[in-house]
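Structures follow.
Both complexes below contain chain A, partnered by chain B and then by chain C.
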Partner chain A sequence: MTAEIGQAAIALSVLSALWAIGFLCVGLRLRNARAVQSGRNAVAATFFLTCISTGALIYGFVTDDFSMRYVVEVSSAAQPLLYKITALWGRMSGSLLFWLWLLTLSGVLVVWQSRKHTRDNLADYALVPIAIVQLFFILLVTGITDGVYNPLVRFPGGQVAPDGQGMNPLLQTPSMAFHPPTLYIGWISMTVPFGFAVGALASGHVGSNWILRSRRWMLFSWIILTIGITLGGNWAYRELGWGGYWAWDPVENASFMPWLLGTAYLHSVMIQEKRHMFKLWNVLLITLAFQFTLLGTFITRSGIITSVHSFAQSNVGWYFLGFILASTAGVIALIVYRRERLKSENRLESLLSRESAFVLNNWLFVGLTLIILWGTLWPILSEAINGEKASVPEAFFNQVVIIPGLLLLFLTGAGPIISWKKLTPNNFRRMFVSPLGIGVIAGALTWGFLAWRGNPMPIYSVLCSFAAVFVLAAIFSEFYRGAKLRAKRQEGSFFDGLTRLVMRNKRRYGGYIVHIGIVILYIGIMGSKGYFLLESDGLKLGESMQVGTFNLTMKDWFQERHANYARAGVVFDVEKNGRPLGEMKPARHYYEKTGQGETDTIESAIRHFGANDLYIALGDLPPNIDNGGIVNVQVYHNPLINVVWLGVAVMVLGGLVAIAEKHQPKPEE
Partner chain B sequence: MKRKRVKIIAASALLLIAMAFLVIAGIQSTSVRHFTPAGLVAAADSLNNQRVQVDGLILEGSSTWDAANFELTFAVRAREGNETVNVLYVKRLKPDNFVDGGSVFVEGRYDAAQNLIVATKLMTKCASKYEAADSATPGLVTERGKK
Partner chain C sequence: MFFVCARNVRRTVFGSPISLSQGSSRRWHKPGIWLFYLVLAFATAVPGARGDSSFDSQLDELMSSVYCYCGCVKETIQVCVCGTAVAVEADFRGRLNAGETVGQIRADYLETYGPQFYALMPAEGINLIAYIAPAVILILIGGVALAILLKLRKPKVATEQPRSTQVSDAAVEQIEAELEKYKQEK
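Moving on, here comes the complex of A and B:
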C-alpha cells in the first residue's frame, strides 16, 4: 500500500509544481499577494509530497518489499540497514528521486528564509526557476523516458522476487555511502543562487541584493562539493588499489567543473558588491555553474563518452541536454531584455589592481573549466574535427592544468594584498617585497634540496614552492598586521586581537583560511603526484623487496571468513633503514553472493609515516603459496599525500568561518 | 581611458591565445586514437608502433597470469564479430572485475606484426548487470595506467 501512496504523491507533485509556477508568475505579474502566497505554499506542498514518495521507497527497503522492482535491483534481505537506506541512490531511478527530494527541500528552505521579507519579493521571483527545475525532475521520476522508471512501481501481475540482487560490494563502504549524497547536495544547492540570479533578472532588480541573498547558499554548496569531491578521491585511494586519488576520469571532471565555476563566482561577486562591476558576468557565471551540474549527468548517462564508470546508457542524458539548452536560452532572453540594467557602473582602471586580479582569477577558473571540458569531450570533438575517434589520457590534463594552476596559486596570495583600482609603488613596497623575497628563498631551497636528493629538478616544483611560500607569507602578514592593530586598539593580547579580527570579518578571514588550505593542498599534490615511487614485484614467502628506503619482507599469509565475504592476504614486515616498523597486511576480499557470481576486490594496506604513505596492493594468492608460489604485489610510496587531506580540511574550515557571517541585506533600488 | 581599454583587451587576448595554445599542444602530444578490435585489425599496417586505445570484451578463456614475470596476457574480442587483439600487460596487478566476457578498455603501443598491444593502461567495467552506482559515484576505476 505504501508504494501506491508514494506513486500517488509523485503524480500529485506534478500538479503542485505547476501550481507553484503558475500562481507565482501570475501573482508577481498582477502584484497579487494572495496568489504569490498560494504559489509559495505550493512549493512547500511539493516538498511534502516528495517526502512521502521518498519515505515510501525507504519503507520498501527497510521492510524488504521484493514486489518493488527498484528494491529488488539494489537491495537484498542480508544487506546491512545502512546500505539498505543508501540503496536509495544506488541506481539512477532512485537517485533521481533523491535528487528531487533535495531540490524540493532547497525550495522549501528558500520559502522559510524569506518568510519575513515583506519589503521585496526577490525570493518569490527566485522560486519560479527553482520550481521549474523541480518540475523537470518530477517528470523524469514519473518515468517518461527509457532507462528511468518510477522507483515506486511494483512488478506486474503481483510478482514477488524471493530476494534482492544487492548492491555492488565496492559501494558497500561508509565513504561510498556518503560521497554521492554529498555531491548531490553540493550540486543541488547551486540551484538556489541560480534561481536568485534568474529571479533578479525577471524582477529587474539586478543590483547586489540577489548575490547577498544567495551568498550563503553558494558557500554552502562550495563547502559541500569540496568535501564530496575529496571523499570520492579518498575512497578511490583506499579501495581501488591503484595508489592514486585523482585520474581525470570524465565523471571526476564532471564533479570538478561546477566546483571551479562556483569558486570563480564566489570571487567575482565580491567585485560586484564593492565596485558595482561584472553584473552581467555574474549572472552568466552562476548560470554556467548550474548548467554544469546538469551537464555531468548528460556526460555520464548519454553514452557519448566512454568512462570507466559504467552507467547504463539511456535517453535520460538527452533530456538533460534538452533542459540545459532550453533553460540557457531562457536566461539569455532575460539578459537581452534587461541588458540596459546590467551595465557596469565602473570600469577597470589598471591592469595591476585588485579588480584585475579578480578578472584574471575568473579567466583562469573559467579557462580551466573549458580546458577540462574540451579534454573530457575530446572523444566527440575529435570525431567531429578529424573524423577519428580519439581521447586524451590523464597526462593531457596534468600537462595543461599545471601552468594556469600555478598562476592561480600565485593569485591566492597576490589578490588579497594588491590594492584596489591601481597598484601603487607604495603598496608594492609595503605588501609585496618581503613575501616575494621569502618566496624566492623557498624556491631556491627547494631547488637545492631536490638537487641534493638527486631528484630531477622539474621547474614546476620550484615554482610551486616559491608561490606557496609567497602566498603563506602574504596571508600571514595580513593576519599579523590586522591582529596587531586590533590588539593595540583593544589593549588586549595579540591572540585576542587575532580572534576579534577573524570574528569581526568572518567572510574575509575565512576566505584567507581557505587560501592557506589551497597552499597546503598544492604542496600535497606536488609531493604525491610528482615524487611517488612504485615498485612491482613477485615474491615467495620469506623474500624481500626494496621501495625507496623501505624494506618489506613477506613473512606469512592468512585467510579469514567474514559474514558475506572471505578475506585472504599476506603479512609484511616493514623496515626503514634497518629499523623495524611493524607489520602491514594487504589482502583481497572475495564476495560470494553479489548477484553475479564471485567477485574479488583489492584491499590495500596503507600505513601513514607522517605526511607520507606506504601503500601495498596485493594480487591473487596462488594455491601453492606454501611451496614457493609467487605472490604479486605493487608497493607505492606516496610522499605528502596526507597533506592533500589536511589542505582540504583547512579549506573546509575556512569555508565554515566564512559562511558563519550573517548578512542582512537591505532592500535596494 | 582608450589606451587602458586597448591594454586590457590585449591582455585578455593574450591569455586566451596562451590557453588555446596549451590545449592544442596538449591534444597533439597526448591524444590517442580509439578503435574497436575490428577497426584496429583492419587498419593494422598503418598503426604499427602507435599508441592506440581499444574497447571490447575479454575473450573467454584467453587470459593467463604469469606470476614469475608479473605478466598478464589476454585477448580482446569485438562486441559484435570475431576479430581479436592480443594484450600484454606487465608489472601491474590485474584490475578488479577482470572476468571472462567482461568489458575492458586497453591503451598502449600496438605491434601490428603480432597483433599485440603492450598495454600501459587497463580498465575494466562492472559486468553489465550492474549499473554501478550513480552519476556522482566514481565507480569502478580499477586500474590506473602508467603512474
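Moving on, here comes the complex of A and C:
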C-alpha cells in the first residue's frame, strides 16, 4: 500500500507543479497577490508530495519490500541499514527521485526565505523557472519517458522476489554514502541562483538584487560541490585501488565543470555589485553553470562516454540534452528582450585594475571549462570524424590545463591586491613588489635545488613554486596589514585585530582563506601527482619488497565473514629504514549479492606519515597461497597527498566564513 | 592535476629533505615562505628509488601505454591489480624476452582489444586536433575578453587643462597613498 501511496503522490505532484507554474505566471502578470500566493503554496505542496513518494521508497528499502522492482535491483535483505537507505540513489530511477526531492526542498526554502520580502516579487519570479525544472524531473520520475521507470512500481501480477540483487559493491562504502548526495545538493542548489537570474530577466529588475538574494545559495552550492568532488576523489583513492584521486574521468569532469563556472560567477558578481558592470555576463555565467550541472547528468546517464560511474545509464540522458537546449533558448530569448537593461552602467578606468583581473579570472575559468569539455567529448568527436573512438588519457588533461591552471594560481594572489579602477605605480610598488620578489626567490630556490639533485626539472614546478609563494605572501600581507591597523585602532593585540578584521568583512577575508586553501591544494597536487612512487610485484608468503625506504614483508593472510560479504587479505610487516612500523592489511571484499556487475572491491591499506601516505592495493588471492601461490601487490608512496585534503578543508573553511556574511538587498528597483 | 603527471610511470624521487631557506627580508612574509618550504620538504623526504634497466624501462613503457581490458575503466596494465593484468604482464615479459619490440607488442594488443585501450593518445593524425584545440579555445575566449575590456574602457579625454589647475605627480601619489590608507582603515 505504501508504494501505491508514493505513486499517487508522484502523480499529484505533476498537477501541483503545473499549478505552481500557472498561478505564479498569471499572478505575476496580472499583479494578483492571491494567485501568486496560491502558486507559492503549490511549490510547498510539491515538496510535501515528493516527501511522501521518497519516504515510501525508503520504507520499501527498510522493510525489504521485494515486490518493488527498484528495491530488488539495488538492495538485499543482508545489506546493512545505511546502504539500504543509500540505495535510494543507487540507480537511475531512485537517484532521479532523490534529485527531485532535493529540488523541491530548495523550492520550498526559497518560498520560506522570501516570506518577508514584500517589496518585490523577485523570489516569485524565480520560483517559476525552479518549478519548471521540478516539473521536468517529476515527468522523468513518473516513468512515462523511455529509459527510466517509476521507482515505486511493483512487479506485475503481485510477484515477490525472494531477495534483492544487492547494491553495487563499489557503492557500499561510507564515502559513497555521502559523495553522491553532496554532489546532488551542490548541483541542485545552483538551480536557485539560476532561477533568480531568470526571474530578474523576466521581471526586468536586472540590478544587483538578484545576485544578493541568491549569493548564499551560490556560496552554499560552491562549498557543497567542493566537498562532494573531494569525497569522490577520496572514494576513488580508497576503493578503486589505483593510488590516485583524480583521473579526469568524464564524470569527475562533469562535476568539476559547474564548480569552475560557479567559481567564475562568484568572482564576476563582485564587479556588478561594486561597479554595476557585467550584468549580461553574470546572467550568462550562472545560466552556463546551471546548464553544466544538467550536462553532467547527460554525460553520466546517456552512456555516450565510458566512465567508472556507470551505475545509472539509459536513454534518459537525451531528455536532459533536450531540456538543456530548450531552457538555454528560453534564457537567450529573455536576454535579447532585456538587452537594453543589461548594459553596463560604468566604464573601465584602466586595463590594469581589479575589474580587469576579474575578467582575466573569468576568461581562465571559462577557458578551462571548455577545454575540459573538449577533452571529455573528444572520444565522441573523434569517432564522428574517423570512426574510431579515441581514449583520452589523464596525461592529455594534465598537459592542456597546466598553463591556464598556473595563470589562475597567479591571479589568486594578484586579484586581491590589485586596486579597483586603476593600478597606480604607487599601488604596484606597495602591494606587488615584495610578494613578487619573494615568489621569484622561491622559484629560483626550487629550480636550483632540483637542478642540484639532478632531477629532470619541469619548468612548471618552478612556476608553481613562484606563484604559490607569491600568493601566500600577497594574502598574508593583506591579513597582516589589516590586522595590524585594527589592533592599533582598537589598542588590542594583533590576534584581536585579526579576529575583528575577519569578522567585519567575512566575505572578503573568507575569500582570502579560500585562496590560501587553493595554494595548499596546488602544493598537494604537485607533490602527489608529480613525485609519487609506484612499485608492483608478485609476492609469496614470507617474501619482501622495497619501496623507497620502506620494506614490506608479506607474513600472513586472513579471511573473515561479514553480513553480506567475505573479506580476504594479507598481512604486511612494514619497516622504514629498518625500524618496524607495525602491520598493514590490504584486502578484497567478495560480495554475495552483486546486482550490478562487480563482485569484489579492493580495500586498500593506507598508512599516513605526516603529509605522505603508504598505500597498498591487492590483487586476487590465489587458492594455493599457503603453498607458494603468488599475490599481485601494488605499493604507492604518495607524497603530500594529505595536503590535498588539507587544502580542501581550508577552502571549505574559507567558504563557511564568507557565507556567514549577511547582505541586505538594497531597495534600488 | 596541473602537472604533467605520471600515474602510469615508475618514478624516481629525491633522496633527502631540502634545507629550509629564508627568502624574505620582511618579517611578515616569513610565515608564507616557511609554510611553503615545510610542505615542500615533505614532498622531498622520500628516498631514492631503484634504477631501471633497459628491459624494465621497456616493460614499464609498454605496461603504462595500454589499458587493462578486464573491465576496470582506464587503468593501465601497470596500475590494475586484477588477474588479467598479471597475465598480460607475464605475456609482455615473455614477448620482450623473445625479442619483440614494444611497438610490435602494443600494436598486437590494440589490434586484439581495440584502439580504445591505447592509453597515450599521441599528438598525431586526427588527435593533433585534440591537442591544438585547447590553445585555440583559450586564444578565442581571450580575444573576446580583450575586446570586451577595450570596449568597456573609458575613452581618454583629450582636453588640455590650464597649467595652473594641474596637480603635480607627487601630490597625486600622496592623495593615492592617503586614499589607500583610508580604505584600509575603513
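Note that the second predicted complex is superposed on the first by the 648 of 669 C-alpha atoms of A that agree within 3 Å, B and C clash if a C-alpha of one lies under 4 Å from a C-alpha of the other, contacts with A are read in each partner's own complex, and residues count from 1 in each chain.
Everything that follows uses one rule, which is that a contact is a pair of C-beta atoms (placed from the backbone, for glycine too) under 8 Å apart; a residue touches a chain by one contact, two chains touch by 3 or more.
Being a predicted model, the structure only gives us computed values, none of them experimental.
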- prompt: So, on chain A, is it clash or fit between chain B and chain C?
  reply: clash
Message: Under the stated touch criterion, which partner chain does A:480 make contact with: chain B (first), chain C (second), both, or neither?
response: second
Task: Would you sort A:254 into first (chain B), second (chain C), both or neither based on which partner it touches?
output: first
Chain A residues touched by each partner, larger count belonging to chain B or chain C: C
Task: Using the superposition on chain A described above, determine whether A:232 touches chain B (first), chain C (second), both, or neither.
output: first
Task: Look at A:489 in the shared chain and tell me whether it touches chain B only, chain C only, both, or neither; answer first, second, both or neither.
output: second
- request: For A:244, select first, second, both or neither according to whether it touches chain B, chain C, the two together, or no partner.
  value: both
- request: Once the structures are superposed on A, label A:344 by its partner contacts, choosing first (chain B), second (chain C), both or neither.
  value: second
Task: Using the touch definition from the top, say if A:176 reaches chain B (first), chain C (second), both or neither.
output: first
Message: Applying the document's definition of touch, where does A:89 land relative to chain B and chain C: first, second, both, or neither?
response: first
Touched partner set for A:297, first chain B, second chain C, both or neither: first
- prompt: Which chain A residues come up in both lists, the one for chain B and the one for chain C?
  reply: 240-244, 247, 249, 306, 308, 310, 347-351, 356, 360, 363, 367, 370-371, 374-375, 378-379, 382, 388-396, 399-400, 403-404, 532, 534, 536, 538, 602, 617-620, 632, 634
Query: Quick one: in the complex, what on chain A touches chain C?
result: 240-244, 246-249, 277, 306-308, 310, 344, 347-351, 356, 359-360, 362-363, 366-367, 370-371, 374-375, 378-379, 382, 385-386, 388-406, 419, 424-427, 430, 434-435, 438, 441-442, 445-446, 449-450, 453, 455, 458, 460-461, 464-465, 468-469, 472-473, 476-477, 480-482, 485, 489, 520, 522-523, 525-527, 529-536, 538, 546, 548-549, 597, 602, 610-612, 617-620, 632-634, 637, 639-640, 643
Complex contacts: residues of chain C adjacent to chain A: 1-8, 10-15, 18, 21, 23-24, 26, 28-29, 31-33, 35-37, 39-40, 42-50, 67, 71-75, 78-83, 85-86, 115-121, 126-127, 129-131, 133-134, 137-138, 141-142, 145, 148-150, 152-155, 173, 176-177, 180, 184-185
Field: Complex contacts: residues of chain B adjacent to chain A
entry: 1, 4-5, 7-8, 11-12, 15-16, 19, 22-23, 26-27, 29-35, 53, 55, 65, 67-70, 91-94, 96-97, 99, 103, 105, 107, 121, 123, 125-145, 147
Chain A residues within the chain B interface of the complex: 89-92, 95, 165, 167-168, 170-171, 176, 179-180, 183-184, 228, 232-233, 235-236, 240-244, 247, 249, 251-252, 254-255, 296-297, 300-301, 306, 308-312, 347-351, 356, 360, 363, 367, 370-371, 374-375, 378-379, 382, 388-396, 399-400, 403-404, 532, 534, 536-538, 595-596, 599-602, 617-620, 622, 629-632, 634, 636
